[in-house]
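Quick one: the structure is below, questions incoming.
The letters A, B, C and D name the chains in turn, as written, and every chain counts its residues from 1.
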């Protein structure tokens, strides 16, 4: 992108770990991390021009076909969680999103707690037909 | 219903408390109880002839308009949970379902952990038009 | 509380409805509303001086003993959700919290979608001993 | 294992897709698959001798350090889901579990909808010290 970046290729969301995301081991459960990732990805696609509220009208939906999550260290009740989501690459019919999750206890330093990668396609519903990735997204990817 | 009861008015489901339903207080979180109730209600409506798999075709959906849950005592990781769901009353456009949740630790006695009441309507989608309750359900209710 | 109210008796949180909170009927599922309520209640108790991150240290936890939710109208994918949580009354060993949920589609007007009431006790863990409500909370309640 | 197989290396669980696991695209949401996987893994570890109900006493917990999920085709409301979980390999301080998810609509044929791999360690709490994998699990792995 020489002159302008019409689509930001990276967004960040913030959460605070609630009770229901912890488990009896005292730490945030696996499933909660995926929820944080999904929220960040939704924000990333909204930044790329795909607003969730418009999808029921356009019939064009992002569909995750693969998720990888590496859990590095535990997050705990009340930690602030920051998830950065980045469009890492765009191919003809799929895009790769990369996520980094950091947790910060009140008064503490951020700790790298997890990272994730998702492969996403675009599908036209209700036919379920795969669509090409918007070519302008390539400029947003690293 | 004089002679036969074609619809059972009560069903029971069983769960085992997984990690992700507990929280860092060491007990099952509030939200998990509602998930158990939803599962039992789905089974109750299936027994009444409303199979979930058929709803996308019929366009007729049960819609919960009110939920009450009383939490009596804590359930814990690995407890067996039994939820009994009962059609308690059927009016013209709404039905009332009553739920009782018991938890049993391995080798222990069942403890009454929660109870819930839901008010349900039937709605025809996509118009969102409320439908009358099937009159034959009255025989299933207490 | 003579002159000042050191504790705000009302807080508000905002969410955007993600995919995973909708169901195949096209609307936000029951369980998601309870999650929004839990998040708002956590924020309310933090404002009252009970920070989640400190609870594992103090051993003092709020415990919900009753939840009521009335679902007024549907919320949808991408709607902004605002939940206001208010400390409505404080008795010796229990407090009542009242929640109001409004949803706003992009470019639309807020719609009242649900309301909830929770009864909460304070429990000292691991003994599970109920505690008195802090008397200063009475000033925060309506 | 020549003569006896004290630990089964494979278990299977069954679920029926409830409303709350579908999203407004009409299909089961990503997060629900991970919940099914977690349930199957819990059953697998119970079969290997690690009963969840005993973990709070032993302080020995399985901790997932990596999850991969490939979503092959959509599952829908009311589908029966079968998850088979298999202990695929056991190394000194980690084990690999492999999951296969099939969905069956009422009256239909099973479809392969997803597969997952998890890497799991054993941790002694509250110190968080990693433990060796039980050597007898090697016989249960393929």
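By our rule, a residue touches a chain if its C-beta (ideal position, glycine included) is under 8 Å from a C-beta of that chain, and two chains touch if they have at least 3 such contacts.
What you see is a predicted model, and the numbers here were worked out from it, not measured in a lab.
Residues touching across the chain A-chain C interface largely coincide between the two copies, over half of the numbers being common to both. Chain centres computed from CA atoms place A at the largest separation from chain B.
The distance from the centre of chain B to the centre of chain C, each centre being the mean of the chain's C-alpha atoms, comes to 24 Å. Remark: chain A and chain C have CA centroids separated by 26 Å (rounded to whole angstrom).
In this assembly, the C-alpha centroid of chain C lies 34 Å from the C-alpha centroid of chain D.
Taken residue by residue, chain D touches two or more other chains at 19-20, 24-26, 30-31, 35, 38, 56, 76-77, whereas all remaining positions touch fewer. Against chain B, in their complex, chain D makes its touches with residues 16-20, 26, 35, 38-39, 42, 51-56, 76-79, 105-106.
For chain D in complex with chain C, the touching residues are 19-20, 22-27, 29-31, 76-77. Considering their complex, residues 24-26, 30-31, 34-35, 38, 56, 61, 63-71, 74, 125-126, 128 of chain A touch chain D.
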